[in-house]
Amino acid sequence: MSALSKILELHPDRLFAADPLQRDIARRLYARIQDLPIVSPHGHTDPRWFADNQNWDNATSLLLLPDHYVFRMLYSQGITLEQLGIRRRDGVAVETDYRKIFHIFAAHYHLFRGTPSRMWLDSVFHDVFGLRESLTPATADLYYDHINAALATEAFKPRALLDRFNIEVIATTEGALNDLKHHAKLKGTGFEKRVITTFRPDDVVDADRADFAANVQKLGDITGENTTTWQGYLQALRIRRAYFRDHGATATDHGHPTANTADLSLSEAEALFSRCLAGASAADAELFRGQMLTEMAGMSLEDGMTMQIHPGAHRNHNAVIFERFGPDKGADIPSPTEYVQALKPLLQKYGNEARLNIILFTLDETTYARELAPLAGHYPALKLGPAWWFHDSPEGMLRFRHQVTETAGFYNTCGFNDDTRAFLSIPARHDVARRIDCRFLAQLVAEHRLNEDEAHELAYDLTYRLAKQAYQL
Amino acid sequence: MSALSKILELHPDRLFAADPLQRDIARRLYARIQDLPIVSPHGHTDPRWFADNQNWDNATSLLLLPDHYVFRMLYSQGITLEQLGIRRRDGVAVETDYRKIFHIFAAHYHLFRGTPSRMWLDSVFHDVFGLRESLTPATADLYYDHINAALATEAFKPRALLDRFNIEVIATTEGALNDLKHHAKLKGTGFEKRVITTFRPDDVVDADRADFAANVQKLGDITGENTTTWQGYLQALRIRRAYFRDHGATATDHGHPTANTADLSLSEAEALFSRCLAGASAADAELFRGQMLTEMAGMSLEDGMTMQIHPGAHRNHNAVIFERFGPDKGADIPSPTEYVQALKPLLQKYGNEARLNIILFTLDETTYARELAPLAGHYPALKLGPAWWFHDSPEGMLRFRHQVTETAGFYNTCGFNDDTRAFLSIPARHDVARRIDCRFLAQLVAEHRLNEDEAHELAYDLTYRLAKQAYQL
Amino acid sequence: MSALSKILELHPDRLFAADPLQRDIARRLYARIQDLPIVSPHGHTDPRWFADNQNWDNATSLLLLPDHYVFRMLYSQGITLEQLGIRRRDGVAVETDYRKIFHIFAAHYHLFRGTPSRMWLDSVFHDVFGLRESLTPATADLYYDHINAALATEAFKPRALLDRFNIEVIATTEGALNDLKHHAKLKGTGFEKRVITTFRPDDVVDADRADFAANVQKLGDITGENTTTWQGYLQALRIRRAYFRDHGATATDHGHPTANTADLSLSEAEALFSRCLAGASAADAELFRGQMLTEMAGMSLEDGMTMQIHPGAHRNHNAVIFERFGPDKGADIPSPTEYVQALKPLLQKYGNEARLNIILFTLDETTYARELAPLAGHYPALKLGPAWWFHDSPEGMLRFRHQVTETAGFYNTCGFNDDTRAFLSIPARHDVARRIDCRFLAQLVAEHRLNEDEAHELAYDLTYRLAKQAYQL
């Protein structure tokens, strides 16, 4: 190690409260659950990785290019996406020297101080790659070479890492029209129960999309149903759901701009569907998305799939970036989200069904104590997903537990989702959640609001059991 | 105690911060105020209890059936209200074996971990009934028998408990048409100053109610006023307010869906009232409720009654539950609530009156620092009520103090309200508030933001003096 | 010191967390930055003070009468503004006995317990005036005489205090029509680089104001432009911006009711401007303010001035107070503020400009984690201003850092603004910010989320470097 370099270490007490009493309890709780298998029921890793089991290429294209948390921060400080090698839709040339891009990242690594990205990345560097010096401009080459060399080995092939990371099950997410060929390829490998898909029908239920009618047509082609009729369309969705279940899916996922739901009569729904196929108004598209959430809840009651609702992102807020680089480039911004009126039609119809598992997420933390905990603390069909996206962070998780627990308890929540495409960071992300849950429980024990034996049981439940139960894994 | 049972204990430091410096200060503050008399200026106990002073019947019907905090949590986890013995409106049979219901409760007591209900119930078990083992399925019979035996004794009659709990005064809440016969019965018993009523006119000011016109007619019958006219209606309300004051009331209470107020001209108000009597539109009903808040503030200025405004609950969100079981079954959900525009008409008219006491509550914590503290830190007529309902909890109270104090100070707040029909839990609820206030003050002292002698004075004020002052007790 | 008086002391650890580990780290961080020069890039001191360098008159007119934090609290507890000597617009006599007013203040000093005003005032009493007894009714005369005597000395002249307070630069705020004569008088004194102005054009862009058309006419008179045309009006604003820059301004400031922006075509903008000059509707005035934010951003790109946007105050909520006493009397109330849709037109046009510095403020803390940190963590043109106004307080600053840092990092924030007209409190206000930032950093270090060497660097940046950079000082 050079004179200038700084040690990279992960302190065993990281993220626990500094107060000795709470820290000691947190250590005891964490010691018993830190090595539990990882259950990752909601994420965005590429199933091709596990199907083909090829080595990854280099540090930049694995760690930086797919991680919008990373390049949004760099972009906010004046570094262009072209400099970072993000491919332009219009074919304009961008940086392709991956080492150079890694140097830019190293030179700006201080920007991530205080962010979860910093913590996840340091964990990947330390635990996954065994690096013991901090990332700085001086160590950028060392990092780049070391990581690339590691990535070329057998031990860093995707399936080997599934084992090393102790991932019991991981769910990817595919669109309704996806052929699931990667999942199909896994059949018979012994990994088909560990790498499963999730049914995400946004592309065939969102009539705001330019390709909606074409997608619905494809849905008909794939299923052999006449999807120009409402009943044919619904039946085609049932067929696709069954196809996904056959590839491991136990859950559906719905990423809508709002939490609005609807419960239209058959004739209203038919007329709305026809209008949407012909080119929907914004209001019709919103109403149709809402109706489809209720329809999907009904199908979940039929086929038993867990239903996830992820509302509240204003997608592609930056039109210039969207035009040049496409979606998922760090320009999605949360919006205020209303749940009490929005969910009422769906809940009136299905909220009292104890067999139904609907998991709600939010980007609007103001709804935790005001709306979501009261709803989940009453309706048998509702549970709350963990702190999501911008709030998947130590502070975000603490706010979630502090604001939700008193009204919804622990047992109307569902454990942790990593929600990531950054595969190598999955152990770090689950470790953050485990540490923060132990920290929260330790505070309750230290303040004599919970017994320590109960806290041990809860730590196990929050780490492992509740996710398996909520997603039926 | 059997080998399997666990000790039930209430730690003397519970709810204080774990940090030794803060904890020590909190202990000193709490030691001086823990035994102060209970002032309960806003609640929902049944005045019949104190009037008739009969023994309660059994643990289930006293502790579980009236407590929507308890059965909403059980319901959220798939236990039906029928299993819990909640009476159906349509006469369909429900569970009537109270011991069996108590067993269901015991088997699911872990659901309450981390909730205030758990803390209140454990305090009742430990302090009121002297139980020393935790509630589990194994101890359910012991609990049920022990509690029932205690309830049959002289010491557990309502008035004896008023003494044992050191309740200096407790206010119940009655609708405007109530004959107050239970309060009347208390006259001459020595309890008439300790058990007082509160005037809650929602049933005669909410034109959304199906029985509004009938209620206004009854109001006329009771008072001898012609309540088909606006002036007669207002005069009838004045007469009822005087009647309530004669039964101890020092305050009114207004539970509206929003905080909207209005200040209409006489002719506008007359016309609106006529439309409402004839069957109000939703907009008219909302406007009328708003106008009536302003009218009530004017009457409070005349007769000196403290006015409480409790907005923001979406009542009976679950139509199925409402239809089968009626209101107050755990299906009320908070909604976002606006105050700045909503209160303006009332405040323009009466906000500068230093003689007027208007106490605001909220279910929308986002308004604490943004709207309520700035309003209460300016208008002489406004004070802030304590953290309410879903927020009547350790975390909720801490958020209240942390977000309100810097702008409104302590002296624009009003001490604690228990707001409960769970009579036996009243000492525990006040104790939670006392502990949390001492904890908050201790933090300020430990961080050298307040002197300890000031904190002692504030602890007394927050526990006792401010409630008496705000409610004129 | 009399037997009854209490010692006034400022504890060296004040505002640090009580936990010994965190406190020790905070002490170390603070020790290195506590004496850094004060950079005050946004405030409301009177430039006449520094231009004329006259002694202030007395404690009441310097410390109380201009401080709406102080008299809003007294007013909320029933003391009239007349009793406090606030001048009425209608000439009705008010209290003029300044000693008597100071006594009223002393008698109610307990109302400020737990508020930042209390902390700032105690710091002024202790550090600026050397008082060592607490303010009570018993010490009111001692205080009043001692402060007045000090104020009469050379050492308490404004420029002497600029030196004593180690203020490197302080920005005042002037309207677009201001002649900046006080700043002009400073030229050649050596203070012209230390006391600078800020361009605040609200009076010529807010068509809701009764004097809007007259102000635009004056703008034309001052600049020699034909401000009855859209192009002449814009050119006149450019001329005024240059004039302000010539008097030290490096920034503009925009205090709008909302964050709405617009990006109209030239012909739409021309037509809107004409309608506004003729007497704007509320909708036109709002649209015009929004268009002008975008125009101002464009001019900032031309001339390099930093742009500050301060939305969300409902001004003059109390009509009676406004009518009698005018604006800025403690009756401005924050409102819910939307940013994601509101800023979109401006950001679509200029958000990707890395050369542009737009600093956003908010009174709606719910937007910190939900909207502002995500926006500032993406758009190169955006940074976040510090916790503002009601949130310029220990708790408010902590909420800001806890809710913003994980998504926006530290480097999309801008250091501290004191935003005050209370000149003597400026060192205390900056000291509170320094202490709270060190406390927050110390927590991250103690929880192993940040290295201590990084925390030292950040403490320096947050205290000094980021403000200079964001405001180009």
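Each chain carries a letter (A, B and C) given by its place in the written order, and its residues are counted from 1.
Basically, contacts are C-beta pairs under 8 Å (C-beta built on N, C-alpha and C of every residue); 3 or more make two chains touch, one makes a residue touch a chain.
Note that the structure is predicted; figures quoted are calculated from it, not measured.
Once you draw an edge for every pair of touching chains, what topology comes out, line, ring, star, complete or other?
Basically all the chains touch each other, so complete.
How many degrees of rotation carry the C-alpha atoms of chain B onto those of chain C, rounded to the nearest 5?
120
Just the number, please: Cα centre separation of chain A and chain C in whole Å.
Spacing between the chain centres: roughly 40 Å.
Of all residues in chain A, which are in touch with two or more distinct other chains?
Touching at least two other chains: 19, 366.
Within the complex, which stretch of chain B touches chain A?
So the residues of chain B touching chain A come out as 6, 10-11, 13-19, 72-73, 75-78, 110-116, 119, 314, 317-321, 330-336, 363-366, 390-391, 393-396.
Note which residues of chain B are touching chain C in the complex, please.
Residues of chain B touching chain C: 19, 21-22, 338, 340-341, 344, 347-348, 351-352, 354, 366, 369-371, 373-380, 382, 402-403, 405-412, 443-444, 446-451, 453-454, 457-458.
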